[in-house]
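Worksheet: the structure to be examined is printed underneath.
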Amino acid sequence: MTETATEPAKKSSLTASRGGAAGDKVFSGLALAAGVVILMVLAFVAIFLVVESLPALWPEIFSDEESIESADTFWQYVWPLMAGTLIASIIAILLATPVAVGIALYISHYAPKSVATPVGYIIDLLAAIPSVVFGAWGMTTLAGGVVPIYKWLHEYLGWIPLFGGDAGNTGRALLTSAIVLAVMILPIITSLCREIFIQTPKLHEEAALALGATRWEMIRMTVFPFARAGIISSIMLGLGRALGETMAVTLVLSPGIFSWSIITSGRNATIPSEIALNFPEAFGMRQSELIAAGLMLFIITLVVNMIARWIVNRHKEFSGAN
Amino acid sequence: MPRWTWIAVAVGALVLAAGLTSLLGGGSFSWTGWLIFAAVLYIVGMYVTTYVIENKRRATDGIWRNLVWSAFILALIPLISVIWTVFANGLPTLLANPQLLWTDMDGVTGADDISTQNEGASLQGGFLHGLAGTLMITLMATIISVPIGLLTSIYLVEYSRGGWFSRSIVFFVDVMTGIPSIVAGLFAFALVELFITTFIGESPRHVQMIKMGLTAAIALSVLMIPVVVRSTEEMLRVVPNELREASYALGVRKWRTIFKVVLPTAMSGIASGITLAIARVTGETAPILVTAGYAAATNWNPFGEWMTALPVFIYRQLMNPTAPAAGMPSADRAWAAALVLIVIVMLLNLAARIIAKAFAPKNSGR
Amino acid sequence: MSKRIEAIDLNVYYGNFLAVEGVNINIEPRSVTAFIGPSGCGKTTFLRTINRMHEVLPGARAEGRLLLDGEDVYASGVDPVTVRTQVGMVFQRPNPFPTMSIRDNILAGHKLNGARMSRSEADGIVEKSLRGANLWNEVKDRLDKPGSGLSGGQQQRLCIARSIAVEPDVILMDEPCSALDPISTLAIEDLINELKNEFTVVIVTHNMQQAARVADKTAFFNIAGTGKPGKLIEYDETSVIFNNPANKQTEDYVSGRFG
Amino acid sequence: GNGGSTESSAPAGSESGAPAEVSGTLIGGGASSQESAMTAWTNGVTEVHPDLTVQYDPVGSGSGREGFLAGQYSFAGSDAAMDEEEMASAEEVCGPEGVFHVPSYISPVAVAFNLEGVDEVNMDAETIAQVFTGEITTWNDPAIADQNPDAELPDTDITVVHRADDSGTTENFTDYLTAAAPESWTYDVVETWPSEITAESAQQTSGVVSLAQSTDGAITYADASQIGELGTVAVQVGEEYVPYSADAAAAAVEKAAPGEAGAVELDRTTTEAGVYPIVLVSYHIFCNQYQDQETADMAKAFGEYVVSEEGQAAAESSAGNAPISEATREAALESIQAISVQG
Amino acid sequence: MSKRIEAIDLNVYYGNFLAVEGVNINIEPRSVTAFIGPSGCGKTTFLRTINRMHEVLPGARAEGRLLLDGEDVYASGVDPVTVRTQVGMVFQRPNPFPTMSIRDNILAGHKLNGARMSRSEADGIVEKSLRGANLWNEVKDRLDKPGSGLSGGQQQRLCIARSIAVEPDVILMDEPCSALDPISTLAIEDLINELKNEFTVVIVTHNMQQAARVADKTAFFNIAGTGKPGKLIEYDETSVIFNNPANKQTEDYVSGRFG
């Protein structure tokens, strides 16, 4: 084994690569570039938000005014909006997730195939409905319909602060917006979860069944662990949508100051609808306030996602992959 | 457990619920309340019955099955309600006035609507301009964001080795999902403004170029990209590695492997993710309002002049009727437009499924 | 703790396709039975009907009677879940639950029953099962590590440990050694020999030496051609099947004159 | 009024009967409340000037003024006149001559309610304020009943419906309350309804109107052209109760004191007979001088059309707003015809 | 069309873990070589370094020299893709592309690389490769059906056909028969015997009878314990390895006295 193997002339048969060697470089470069574009866009969005909201954040330094227009300090102005946004989104997620996961399971593990396909399609259709239409529906159909339920909730469960306030006659309360949001994010969570659930290895499902697991136990032992990261992903996607949704909330909610009661109209507001409602007439300081509120939403999303990542990564060793 | 158990429980639940509803309702009987009570009672009743007759595990299995079914039925309620609202409001108008599809609002004034509402004149105008706007803007947004989104998720799944760079992309893509749509619009406006004022000119004439279909498409892309990346990434991750290895072992280059093996295998999931993303942005109102202006005439050119998208048209027609004193004609147009918008996305969805089917792994047997 | 398996005129279908036809067999308790036969003849299919795993596949069903100690597992009102707790199964590809630790994998079956048990009880079960599967020494120091980190042979033994942990009456194994090296294979064959003291063991194998080594009785399945149903051709003492089969097809197969 | 003439453009305006040769696209933006009238104007102006296209972006008054100041719009529609600061910064796009306002769109703000069997209710400013702040909660409250001896007022709860969005209507309405009912209205002149008052709200005029229409006992304030079947409040002015009407609204503008650069200062506490004080004046804001001849010509042509009798009539028949009075028009036309090009 | 494989002091790593240490081997062209050894000893790992499939795994790398007809495949400037076109590979589990028909599976190596060819050329390649893999008769009527519809043995032969379609010089097979019944196994063993007329064939197997049946030379790998690197213990004519091995470890392994 002492022959000289590295003669340049002989080497050519391995180095003379077949066409397309450049393709790999170009393509991986493109893929990388796409990632860079996204980071740049996001950086621009962040810069845009920060620069535009500086006057509202530190009026003494970055503007001619002493304080912001809508309140004494920016924080005083924004915390009720942040609270409203978070409450509405969390309720929406709490309402939508179980139902969405349920439907996804229904499609992937319960319904016969002849039912599952059309149901999947129909649920996807929900995603097709523009948010204006959801808003209009929420405003005209839903808000009226929930009034008796709110009254009932207030009467019997009024001791819970969430149902503490008077129910009013129009149903244009935070809970109604949250329901509309829940309906809107339902298909997002469902369709992602469904695709993941279907991918659960048969091998593991059968292992569970062969141990004498019922269908539900099998789902708990194999489908959920396998899909955990995917479920959280889809919830994040839905939450993002709920946090950022403008039109539906704007049309449905009668906004007002913060209150724990989510069934009282004329209470609570969300950041996106606050922006949408007031941006057209805003200029100068008011505009900065609104964009600063947008910045806060951005930060909320950041924090929420950090928490989600942390949850996903905590059990990486035992992840369903491989 | 006998087969008829569930029927017995169901009947029991219905009867009991009827009693409970009339008791709590204080005289007035609520049908919704009755059904809700009955459903809850049925689920609980089945649980208890199974628990007693069989065992806890079967009861648990049963309660979850019932809950999954209820989730399904529960989701159908708003779905049917929304679709019914749109069809009931939009279909009659559209059938009576098919010209809505091929005329725009150019030349239509409040006086026309007033005579429509008060004197029964035929409905004027239409939403061809909105249709054109939606199609062009969505198409452009898709052209911008699908390649970026796909390539990014390919980078994440196929090329990155989990370094800080890919982790930060994943993280910030998540963050992007939460950008309020109006902020995306403002951002796109500012971006195009920056571009135009630095490279083209600052005079009013140039500044007036900012609002166009392209600007709206950029705004929508900001909203679309994260959805595309997120869903595509999940789908690529579940493509079995052995297929990639099979391809590499044949001496196929990585990029070709990705194109010819990985993407087709994941196509069904990717297609539904992209459809979801498109569906999301076709329904956007706020960002288009601040980026594309508001036109009454049809404009097919996304690189110049203002455009109106269907959701904007719907929103404005509902909120600011052409004739303030006669809102019906505007509302009719709005609902008809909403119907058309839904049908468009429905067709899109269908197309995506057909594409997905064509690519889907041809499985047979186990 | 060991049951007799009897099949009477059992037909197994995938949708409309009859995959296995007219199986009549009587498997003694506390014995090892091997199923052999060419690919596609329905060994796996029949095996899976024994613990009603077959019906997990959409459209799949069985006709006829299958008795476990005289009770028909396909009688109406029989809960497949109960059948499966009595009839354990080990698959061709090792499939430990990837999200669970080794310990939790073993206890998975018990946890299903919602049985509350003390830490020491659980430890006892884990040790007993792992010892039973000849795996204890190799993993006793890393019981809390994920099961997917083990080698193929170890994973397969983990799966066997998992299924004996619930103390079934019958253990079915579908080609348990096909992915394993001779050392692991031998370990598992030893294990099967021990298992038969307590359980009824049925094993599918392509390896005739293996069948000869471990099985008391052997069943030969064959198929006439693609699209035809598989049939049980001959069932007898292993030595008879391999040395003196009654049926020409069996003889051809075991002597390698097939195809 | 007759179309004046400058060196560069032929006499414009329909009254002179000679359509000018203006062509191109004029872009404006601003108050969404003007949208309906603007549709009438942008369509109508093409009859006089077939080659002139006017586009209007109903982005809201604030954004409209801002876009105008940034050069995005060649004219703005706004519910409020520009303040000092804005006028100063306008010199960047308009040159040292700055801007002027034309009160081209007048709309009475009706206080409208939904109460079965009642079409009209009399209230004084203090009562209105107390209703809207939530101090008066039922329709048969003595404060209301005393002013309406003839009406059968039920004991229905009052549901206050206000604008959820930032709005010129709210600004004018609260301006009226601040001026006319300082005792009961302690909140200030605001564009966004004070959030401390718990009440129902909806977006845009159509939103509050439809919410009021679907809620028994609701009361709201809205552009009078859109209130449809709702009952209205006749507002106490001096000794009498004045229901809203186009003439009464136009009178309020005519009697108003002139403000800066063509804006008007309404007198909310007027006691003059036949004047309805809750009026919204919406302006068109133009540059006195444009950067190029083409835009100047187009702005002039469009402005002239808007204030012309024909233009005002077109808007009235479409949008239902109150046409400006003859005197107001004369003044506006003069400013419009003085539009020229920056030197 | 057949190449010599030489490894010189080859170390293979997964990240920092040295999986295979100091392999020196010289594999003749036009021969069949079998790799045997207990699980985890690095047979697969070493096999995958031959066509640089190893480095597809994140963090995996090889040190030392590996020569194909004297050319170092790990020399800088060598394109791994070119190496892989010259060195084909068949995996333990058959993995036909699920989205492609049988025909497209065969043509995958050509088509995926964007090669253009006429219909008749393509047909020629498909038939030749399928005949080469002994599969032609079974599938000639359903070339447009999906490859995943075949039986396990057929799928495995399809994968072999797919890799010979690109006319490599070397074919590596990682336990190609472990999932197959004796009939399919025999078919593939026959095939291997034919393939060696044209290709250099390397096969990993756990089945020593199989190694004895098909291999000209056999390499025995072993591992001292978990966490230790695998090593090439002995490499010689198959008959020598099985009947008269030089090394005690080899003897223990082939005679079953391991563990």
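Residue numbering begins at 1 within each chain, and the chains themselves are lettered A, B, C, D and E in the order written.
Keep this in mind: a contact is a pair of C-beta atoms (placed from the backbone, for glycine too) under 8 Å apart; a residue touches a chain by one contact, two chains touch by 3 or more.
Chains and their UniProt names: A = Phosphate transport system permease protein; B = Phosphate transport system permease protein PstA; C, E = Phosphate ABC transporter ATP-binding protein PstB.
Quick caveat, the model's predicted, so the values are computed rather than measured.
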item: Partner chains shared by subunit A and subunit B (touch criterion as defined above); value: C, D, E
item: Partner chains shared by subunit A and subunit D (touch criterion as defined above); value: B
item: Of A-E and B-D, whichever chain pair has more C-beta contact pairs; value: B-D
item: CA centroid of subunit B to CA centroid of subunit C, Å; value: 48
item: Subunit D and subunit E: spacing of chain centres that average the CA atoms, whole Å; value: 84
item: Centroid spacing, where centroids are CA-atom means, of subunit C and subunit E in whole angstrom; value: 31
item: Inter-centroid spacing, subunit C versus subunit A (mean Cα positions, whole Å); value: 46
item: Multi-chain contact residues (two or more partners), subunit E; value: 81-83, 85-86, 113-114
item: Contacts with two or more other chains, residues of subunit A listed in rising order; value: 18, 20-21, 24, 214, 217, 279, 321
item: Set of subunit D residues in contact with two or more other chains; value: 32, 59, 63, 203, 207
item: Contacting chain pairs - touch in the sense defined above; value: A-B, A-C, A-D, A-E, B-C, B-D, B-E, C-E
item: Partner subunit B, residues of subunit D touching it in the complex; value: 27, 32-33, 35-37, 39-40, 42-44, 55-59, 63, 70-74, 93, 203-207, 223, 225-226, 228, 291-292, 295, 314, 317-320
item: Subunit D-touching residues of subunit A, taken from the complex the two chains share; value: 70, 139, 144, 168-170, 172, 250-251, 253-257, 264-267, 269, 277-283, 286-287
item: Residue numbers on subunit B that touch subunit E, as the complex places them; value: 161-162, 240, 242-253, 256-257, 260-261, 264-265, 267, 359-365
item: Residue numbers on subunit B that touch subunit D, as the complex places them; value: 105-111, 114, 202-205, 207-208, 210-211, 289-290, 293-296, 306, 316, 318-325, 327
item: Subunit A - residues contacting subunit C, complex; value: 112-113, 201, 203-214, 217, 221-222, 225-226, 228, 315, 317-322
